[in-house]
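Two complexes, one shared chain (subunit A), two partners (subunit B, subunit C).
Let's look at the complex of A and B:
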């Protein structure tokens, strides 16, 4: 019970759920809306920045011309902006939002500040799927190519099958488990088991194959094409919608399952809903972008400190915006504007993100209320 | 009498008692031979394909010597009854050397090589852990000495496959997955392994610890096709086939030079622009500017678009940087085993359509010779046919120059 969130501000009284509605309407509520609006503006700014900057230097006038539907002075520039940077930026926003929101859900569900979207074994499952295709030259890859799925698409298909398999197992077992903690351990065990299979596959693989697997674990937004975005976007939309619908009972859960039950919340159904939405969000993103670390665990903390609240009605839109914003910024840095090279995305998110989060947490001296 | 020697030497690793007995036998036989034969003028040079019956320090046992022109990764030194082979680049940017002292069987082991591996030559059996070593054996008429490969699936050579089918060749794996027990059971005179810059993938430390003779043959460290081919002389040194390797390589290099001469003085305006590699998610892995591909394109009268780069391995590039530089390039060389037509590329990633070389159907893949197990002859016979590979690329870049040549290793993707 010590993970129970304490009231964020000294002057606050009563439970977050009881006081939140008032605050949204009151002065604090206005301030929070202003923060949210500011975040939204920053997101739009970062989005445009991602379209304008990249490894290839394109004059701003040409960027504007292309975005306005005109012609660039070089044909390849229009292609780069419309076919590469635009889907990449959209993917970054969707991925950042999806991972941050599902991270928030898992932290609340397990009342554990270290919980992340992958805690239920989703990314380990996806990793196993990918490893089977990349590392075993035989069956798995052969099966996928026999049904006409090749290249990157075979990785996506394999990751979806892997993540889906683990999710089905978790949901199947979750009905028999009473405690959230037991579910946590279940997810952990599934992660260990799938990772063990991956290590065995790696052990028997050639360096080139291992390289392909490691490249997948780096994560990236730029691999998603328009055609893939047509699948990715609706699925993420669905997952976020589900998360949004669960906002109210989620607040009740902040004070413990017993309290939530006494408030009339069907905790079992809520838990299933959260597992489903988190698995969908994290699974789809992992499949298309690789296991993007850090965002899911850090963004909820950042938002709690920035907005001084544990109210999910504020936190869900906030994590959505901050998640998208950080993903865009990380991708911008990973692209090393002006150079031909790119850094692994996962390295950038953690390397730049971790110090920022630590600084904010220390600076605001709000670590106590971080959850 | 001749029959005795292989038997004796094959007992080298057995009990000291046996070794002692073998030594006595040797002396007896040598003494017998000396008594029986009339003294004749001693030869000063003598090449042998087996063990010496009598060692004479005055004789040069390696009258046929190989010299290296293109290969930078190893050196060869000849002495009267032993050779010193030093692998200076066992893997890219290696900090350590590997030295092998090849002692003529029947001659004494030289002093002063405590740190080196001493290997008796000529070797009678060999296990190769890379298919790139197989063509050496075929070219040197020594395929019959092959007793193991790392993986059956990767073998293309019909002759080697026949030996596999006949049960004459074992499968022993490599790297951490190497089957040490099977190798110990086979006891090949030599195992040739590939050096890797990530130590966990290396096989040679495992084999050394088990007391197996292992030499690192890393022809891939060379930045030219001819340099890669010249590692033929490395294998030859262990077989005492130095002279044959020298002659065969000279023929290959001559043919290569003849093809290259056809396009050497081509004006820059006629040289098509070339790029290579493929997209993995959003990272494009292209051959570095110092790779064999870059050199091959230059020799074939093309302009490799990343020739200014100074990497031998492939370089990760952002997709947009590749579109910017190679979007209008004329020819694209790729190496994915599963691509047989352009539609396969589009199925893998619709973004491949962004390239002019793709739209104008000038994409070539080095998978023209695959067998049913997807073993690629490019990495086998291609190792000793750099001239054919160059001819392929010239034909691709300048179809009018070699009207009678048909692509052997490269496949045009329709």
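Let's look at the complex of A and C:
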């Protein structure tokens, strides 16, 4: 931590009263703002790359032309970009941001560096909701493709309820669990239990439903249509807004629940806000993209290391950007540019995320302050 | 002076399954004024924590009221309460990567808007809190890299940044070495005197509490709570009665706790000044009863003589008389004189 990049010189401040503290704040804020701006640029770059690369390679100039509303060199390119790659890239950004912010919130609330929607069983809860709707209504051709607007809505509602139910259960039970590891085991058990129910449902389902389910568990940002994106985007926006509103109490919670309460934090309301925000973020993304592992747990840690802080006022925008960026990169790798094949997204996120988790565990032993 | 904190016939404890109550202590009448430092003392299990939790608004009393600046503390909104009362807990906090200054700034929570943004006035309050505890040099260091004593200062600064009228501290000296404990107690005394606030702390440091507190609140096992200035409580024997023990007893003459246990015998001690005082402590620690009166009452006598710039200990047994250059040797000689073999 000593080897901070040397900060740019402070700017002169106007008010003599605020000088000393502002200089400090300006200095910290200065290089952090630069890092955030760099991340935003990287996100835009990765976004354009996702539109250009894939089974067919499209020059960036054509991508820009299509985005500007013009024509591409080949007519099919415009179709590929607008109907396939653009919604996919947008979904990836939203999904990455949603899962990462949700992971950050859970890590702080549970004071557990390994908490995230996937590990604590929230994604599994959403999956159970999805499975119940799809398999009970007999939507045969798959989880998403054959259901109409009403189907989309009931699917999303079921996923949100499933995610919210598990989140509420974990939050409720976490108060009785003293140790960080017990919480993780609780998440594991909830995942097993919900997967078991899904397995039973699957057992009574048709082969094509099973195949669709397996494909869904691999995770994918593709297959989300513009019509679905119109539902997905506002819901994720709402979830992120809720998360943003919780920034201040989450910071207070870094000192522990007793201190937070003594400073006037309404911990019950914070928990309710968390349940609402997590079920929206994790529920909606899981419904559309499948249970995506490792993004939620790894991204907050990358941001803490990158920005040298646990302050949520910095971490929430940072996780948003890095989450979107990593999701885009993972999707890029999964698409195996130049080849026709597509890797399961979860395989890619695991390859990227597992080393981060191992590194967290090593660091935990050393410092005991991984949050 | 203004009465900051007041309770009348307070009954504290827990509600067990609905109607059933487990009373920890009752009939608690407390009064704390601005500028006062009160220390809450008592043996483990007497209910110090329950009392502190009740006074901090973390749990409701079974009966009676806690009045903070005239208002019922348990009816205050969390934010309003946080502007009047702040806490320093005994638990060690792990905050991850936050600068000490940011931790102190968290204390502005009840004063800032929903974004938690610090106004210039908030920054001034944070600076003032850091300065008051002498933690300004720590401000730009990571909290997780501070020593226990430095952390405690920063946590007190955080509590001060809340600008409370009443500061509650749960065993603030628990994990500190002796010099650090004295420093923190001095700091708290000064903060109480200067800031027009009241400070209440629980502690097991009886010695320090006796020397620093304006008021002692003594909570013996089975109650009732007794309050007063430290010296008066010692003179009345209340202090001694609060800490009954088979093995140690409070000696009102020295102001210390002493191991009692069976006495090893009577020793006469003659001499003046500091060396004599510490010779007495050494003898008492070894379990001897020391006679400072002129007339010889024991077969063993220790005389402390200044010789030139040095001290010589002369130990007389029944027949023998020897001089020792160190207290340690003199003490061994006295012990040998009482050994069964030597008669």
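Observations on the model:
Here, the second predicted complex is superposed on the first by the 249 of 371 C-alpha atoms of A that agree within 3 Å, B and C clash if a C-alpha of one lies under 4 Å from a C-alpha of the other, contacts with A are read in each partner's own complex, and residues count from 1 in each chain.
Following the convention adopted for this analysis, a contact is a pair of C-beta atoms (placed from the backbone, for glycine too) under 8 Å apart; a residue touches a chain by one contact, two chains touch by 3 or more.
Here the structure is a predicted model, which means the values were calculated and not measured.
Shared-chain residue A:93: touches no atom of subunit B or subunit C. Contacts of A:252 after superposition on the shared chain: subunit C is touched, whereas subunit B is not. In the superposition on chain A, A:222 makes contact with subunit B only, not with subunit C.
Of the two partner chains placed around the shared chain by superposition, subunit B is the only one that A:76 touches, whereas subunit C remains out of contact. When the two complexes are overlaid on their common chain A, residue A:274 makes contact with neither subunit B nor subunit C.
In the superposition on chain A, contact is made by A:309 with subunit C only, not with subunit B. Touch criterion met: A:261 reaches subunit C, while subunit B stays clear of it. The residues of subunit A shared by its contacts with subunit B and with subunit C come to none at all.
Listed in rising order, the residues of subunit C touching subunit A in the complex are 56, 58, 77-79, 81-83, 85-87, 89, 91, 93-99, 101-103, 106-107, 109-110, 112, 114-116, 118, 120, 123-124, 126-127, 139-140, 142, 144-145, 158, 162.
Interface residues of subunit A facing subunit B in the complex, by the touch rule stated above, are 54-56, 75-77, 79-80, 83-85, 88, 137, 145, 148, 150-153, 203-204, 206-207, 212, 215-216, 220-223, 225-227, 290, 335-336, 340-342.
Put simply, subunit A touches subunit C in their complex at residues 1, 15, 17-18, 20-22, 24-25, 28, 245, 247-248, 251-252, 254-256, 258-259, 261-266, 304, 308-311, 313, 367-371. Residue ranges on subunit B touching subunit A, taken from their complex, read 153, 175-177, 196, 198, 201, 279-283, 316-321, 323-324, 327-328, 338, 344, 347-351, 354.
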